[in-house]
Amino acid sequence: MTRSFLTGTRGELLGVGVLALLVLLVLPLSLDVFRLNLVGKYLTYAFVAVGLVLCWGSAGILSLGQGIFFGLGGYCMAMFLKLEASNPEATKIQSTPGIPDFMDWNQLTSLPWFWEPFHSLTFSLAAVVLVPSALAFVIGVAMFKRRVGGVYFAIITQAIAAILTILIVGQQGYTGGINGITDLRTLKGWDIRTDEAKLVLYFVNAALLLGCILLCLAVRRSKLGRILVALRDKEDRVRFSGYDVANFKTFVFCLAAALAGVGGAMFTLQVGFMSPSFVGIVPSIELVIYCAVGGRLSLLGAVYGTLLVNWAKTSFSESFPELWLFAMGALFIGVVMAFPNGLAGLFQTHVVPRLDRLRGRGLPPVPGPTRMAAE
Amino acid sequence: MSSDDIRKDSHDALRRKLLLGMAALPAAAMMPRLAFAQAPATAAINTTGLAVTDSTVKVGILHSVTGTMSISETGSVEAEKLAIQQINEMGGVLGRKIEFIQEDGASDWPTFAEKSRKLLVNDKVAAVFGCWTSASRKAVLPVFEQYNGMLYYPTFYEGLEQSKNVIYTGQEATQQILAGLDWVFKEKGAKSFYLIGSDYIWPRTSNKIARKHIEKNGFKVAGEEYFPLGHTQFNSVINKIKLTKPDVIYAIVVGGSNVAFYKQLKAAGIDLKKQTLMTISVTEDEMLGIGGENIAGAYACMKYFQSLDNPNNKAFVEAFKKMWGADSVIGDVTQAAYLGPWLWKLTVEKAGSFDIDKVAAASPGIEFKGAPEGYVRIHENHHLWSKTRIGLAKADGQFDVIHETAELMEPDPFPKGYQ
Amino acid sequence: MFDGYSLSELGSIFAMQGFAGLILFSVFVLMALGLAIIFGQMGVINMAHGEFMILGAYVTFVCSHLVGEHAPWLFPGYFFIAMALAFVASGSLGMLVEWSLIRFLYRRPLDTLLATWGLSLIMQQIFRSTFGAREVGVTLPDWLMGSLSLTDTIEVPINGLFVMALTMTISAVVYAVLFRARWGRGVRAVMQNRVMAGAVGINTEKVDRYTFGLGCGIAGVAGSAFTMVGSTGPTSGQLYIVDTFLVVVFGGAQSLIGTIASAFTISQAQSTMEFFLSGSMAKVLTLLTVVGILMLRPQGLFVLKVRR
Amino acid sequence: MTNATDFLLSVEGLTVSFDGFKAVDDLSFYVDENEIRVIIGPNGAGKTTVLDLICGRTKASGGSVKFRGKELTAMREHQIVHAGVGRKFQNPSIYDDLTVFENLEISYPRGRSVWGALAFKRDAAVRERIHEIAEMIFLADHLEQRAEYLSHGQKQWLEIGMLLIQDPQLLMLDEPVAGMSVNERVKTAELLNRIIADRSVIVIEHDMKFVEDIAHKVTVLHQGKILSEGSMERVKNDPKVVEVYLGH
């Protein structure tokens, strides 16, 4: 059996290296701060897409509610930043100084209890990861133990996204309502709105993303990764090989949620606000398409997919706004019908053989992972 | 800026105002481009590197052309383009033709923030006319403050905001609400109210102000309810309304829910000719979707109706229909959006500069007599003084203006006693 | 909240509230029926269901205009023609979509979900390009928008009655087609064993196409009917998706009775809660309850217990 | 009757119904240590359902299944596996996307918890055991091949191997030789005879020749009930069995 030099651990690390080169060197050198900040924003979505590769591509669990976790992570970060921005000095014109402005407008006279811990940066950073994974854990245990899967799971996650949106929008005194938590300024006194700050945040974000990809690669390389693939193929076989399948699904769902949370937090830091429009159904489904375009089985593909779709979205809507929905719709259909393995699949079938030939091996490629996620 | 400054400029301003009062008239719009000849040097009127050349000045239009909000924002885009065209036909601003760069906010708030950053940082536009929802405005506000841009925001909104970098050309909540309530107190002898709204910040804040005002006057709020955006089933709340028999239904329902609400109200046998209903969220635009026959008899309270009878408005409606088709309807926000470019032009000319700081400082006191709604003036809090009117909805999709306040209502974005 | 009302007032309110629940029930059944047929018989979740409904609504809009301009004498009855046309339009489009898209994806239910979402985006943009971004007002015959006064206080909306009657008719027709007619046996045979059904001479492709067409057609009729109670705009279809999917999923995949039972449960829960709580919280609690019950009974309310 | 705990597996009064139809009806039977028990019966007799009930895939409506004195009906599937019951499905159920080696590795009974699986190391003991099993199931030369590309018979063996690596006390095989060539059947019979050394096996099979080769005891099911039980010889001559099954 022959293998391309681009498969296996070496190939994956090489891929991460190329991506690192791209996001840490090529893009910063070739783009102005404005475009780079855009790329930074896109890369925060890539966290979700990478999580979806594990959750959907590897384990076959399609969540249409990843926006929930992205949003929760983002809100945790935003709550900290908002508290910092709402010091008594800056808010002295309010009837209750020292609380966020939207609370004051909603006649709250003291900080709600669940906001209190967000004075602490450590707590907030922990919450960015833990709150989404805790919710994912509850959903996961409840659903996977009861063997809810496939389309049912997808619809239920969608309903949860709808519930959360209504709650966030409705409880505006506690959440900032539909406007979200806006006007975030500083992180421990460091102004996050300046160009330098944006540059720093971009690099932090890119480095975190690379770290998360390495983490996911490690998970995929472990026996757990193979169990996930096995699960997608033959869930019963795994169960009757002595595994508590629900635990594994819950784990990967939580991991994906935690990644989404980190993405959300980085989003808040770079964009400067968080609003319920990232929690709902539509953004959640869009997040899935990023992953699908990149190739649902490829962690790196997910990053490129996210960058590509968002880049297309920005440039399309700049030049042909009315065509954007057509393009997006066609993308959904095309990726499902013609390129089920997305960019990564195209890369495997068209680029890898050529690269191999260039290296003088002339070996036929390994058949790529052509099987679809069963459910 | 104090009122002294305004007075100091008054003589000079008066002359221009007279000119501009005519500006909106079609005849005036065809005036020769006499202003170009005496255009001041670019270096003098643009010290901060905005996109101003010797013959042009760039501005931005930032609304949603795609997504759910495009329904509402289309009218604003059209009005802003009309105003820009008319200003250009009159010779532009400080002798410079306005070129606009249109960006799509795509009904997505970060996109608004992103695009506003692009407009300010990359395109260096001298002003931006845009945003519709509060959420989009909240998203772009820090960007405008950080990069020192100028935003003209057209929508009637909940208030609770004031910025050096924003001119609010729509009404804030108290302007819209108090006069309307006073009118129903007096004319309808209304004593009990049922407040209903879509569940987000504008209806909630507005109803809060309404409730305070109702209770201050010794009347009763019989019920207050909010439904998620996009809610389509109102039969239960209609039953509750029937049970409580309020004198007035006070409705701030928006979007697709609006249509469902009025259709179901009518089908449930609530005749708006007998049951008083007052809304602040239905303009002529919304009437199109609801169907005039389903809402005829309701009272809408805002500052502008298409049927308003004055020369400015007649010219405006005619020009608008000429440009965008005879079927166009013009709602309150569309008119407010039309004010944006004009107010900016007047302010720039008063300041004698495109510099944002000077424009912001020159804004208070700017009067626009050519406004289709009649007359407006920028308050020191960057909102507009304007009259509030009450329209009676008719089956043909238009309103009869049946009342207007005698005085201009003072904008009060942070109303004491109403929060 | 009931202080100061007489017993008869309360009685009539509860009667009307019960009626409101029934209307909601009919609305839910109507919007979910098409989806349930497609999901139950074919295992496909059609995310563009809402857009098929809105297509029906736009057909009604166009009809109301044409009839209003060219044949005003027909106006009181045009609604029936519009519904028939809506069925044909949405149904044919559904068959086209099945032929060009869905049939390649039967083994990949999650992929149909994404593909039909893409379809829904395209349809939204087509609506927007054709009819404009604004909602359109569908003029309805006056007799449809009135109400019947049973007593002084009980008033029954005619469009509610209409929706109820329509729902019953369509349910009965669907039941007859699927469980009484020869064609329905073919559909059920394909559903249970595709290979075997093909082997005994049933044209499975044709059955799939007509089933999908039927589901979409019913969506079109629903959309047409909903012009009486809701809005018609490019994105109005999205208002219905969460409710519709939940009704179908809650009802269980394989049973139309399940869909009807689930529509009944959810509608009663929602209208009761809406009456006693404020709107948003009622919605949240309804959704939470449904999700909670689904977690306990993951296959839905009604499902045949079979050997897997 | 002997005390139930003396048997490796005792099934008593087991019942399950699907929508009123009793697929398994008040069924009782007992399996000894080191016994190969074959269950035969016409289609729809409830054979596969019995295996499903024992391994927890289907929940019983009534009755008990005791394995080494432990009640299986109250346990969840993976716990039943941990207790020492292995199950092969009717259609070979292997992981197509993984190699033969990885298929066996996943079944290796270590690192079965989430964290255990994350920490799992492919050490010498694992490799040795996998090679040993691969040898036994005639797949030593195919370890690096993707399971998808194995022949049908090889897939059956692989699945048996995946059970063997867990060293279960009770092995349940649902039609292990279906779709195999004659040569493969002989090898499979050989394999089964080799692996019962220290365990019991329940086999469902239609191939009478194969059944005769391996069965210690045969249970004939019919409409969810036991029609006959005993040695192959006895069952073959039972007139009831001849009537419903063998005679046709």
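Read from first to last, the chains carry the letters A, B, C and D; within each, the first residue is number 1.
The criterion applied here is as follows: a residue touches a chain if its C-beta (ideal position, glycine included) is under 8 Å from a C-beta of that chain, and two chains touch if they have at least 3 such contacts.
What you see is a predicted model; the values in this text were computed from it and never measured.
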{"item": "Contact-richer chain pair [A-B vs A-C]", "value": "A-C"}
{"item": "Taking each chain's C-alpha mean as its centre, the one farthest from subunit D", "value": "B"}
{"item": "Gap in Å, rounded to a whole number, between the CA centres of subunit D and subunit C", "value": "47"}
{"item": "Whole-Å gap separating subunit A and subunit B, where each centre is the average of the chain's CA atoms", "value": "37"}
{"item": "Centre distance in Å when subunit A and subunit C are each reduced to the mean of their C-alpha atoms", "value": "33"}
{"item": "Between subunit D and subunit B, distance of the C-alpha-averaged centres to the nearest whole Å", "value": "75"}
{"item": "Overlap residues in subunit B, where contacts from two or more other chains coincide", "value": "199, 226, 228"}
{"item": "Where subunit C touches two or more other chains, by residue", "value": "128, 238, 280, 283"}
{"item": "Residues of subunit D whose C-beta touches two or more other chains", "value": "57"}
{"item": "Of subunit B, residues touching subunit C in the complex", "value": "67-68, 70-71, 74, 199, 224-228, 230-233, 235-240, 242-243, 255-260, 263-264, 266-269, 285-294, 397"}
{"item": "Interfacial residue positions of subunit D with respect to subunit A in the complex", "value": "55, 57, 76-78, 81-82, 86-87, 89, 93-98, 102-103, 105-107, 109, 111-114, 117-120, 144-145, 148, 159, 162, 166"}
{"item": "Contact footprint of subunit A on subunit C as seen in their complex", "value": "39, 43, 45, 101, 104-105, 107-115, 117-122, 124-125, 128-129, 238, 241-242, 245-246, 249, 280-281, 283-284, 287-288, 290-291, 294-296, 298-299"}
{"item": "Interface residues, subunit A side, partner subunit D - complex", "value": "1, 219, 222-224, 226-227, 229-230, 233-234, 236-245, 247-248, 251, 369, 371"}
{"item": "Of subunit B, residues touching subunit A in the complex", "value": "65-66, 103-104, 106, 108-111, 113-114, 117-118, 121-122, 133-135, 138-139, 141-142, 146, 160, 199-201, 204-205, 226, 228-229, 419"}
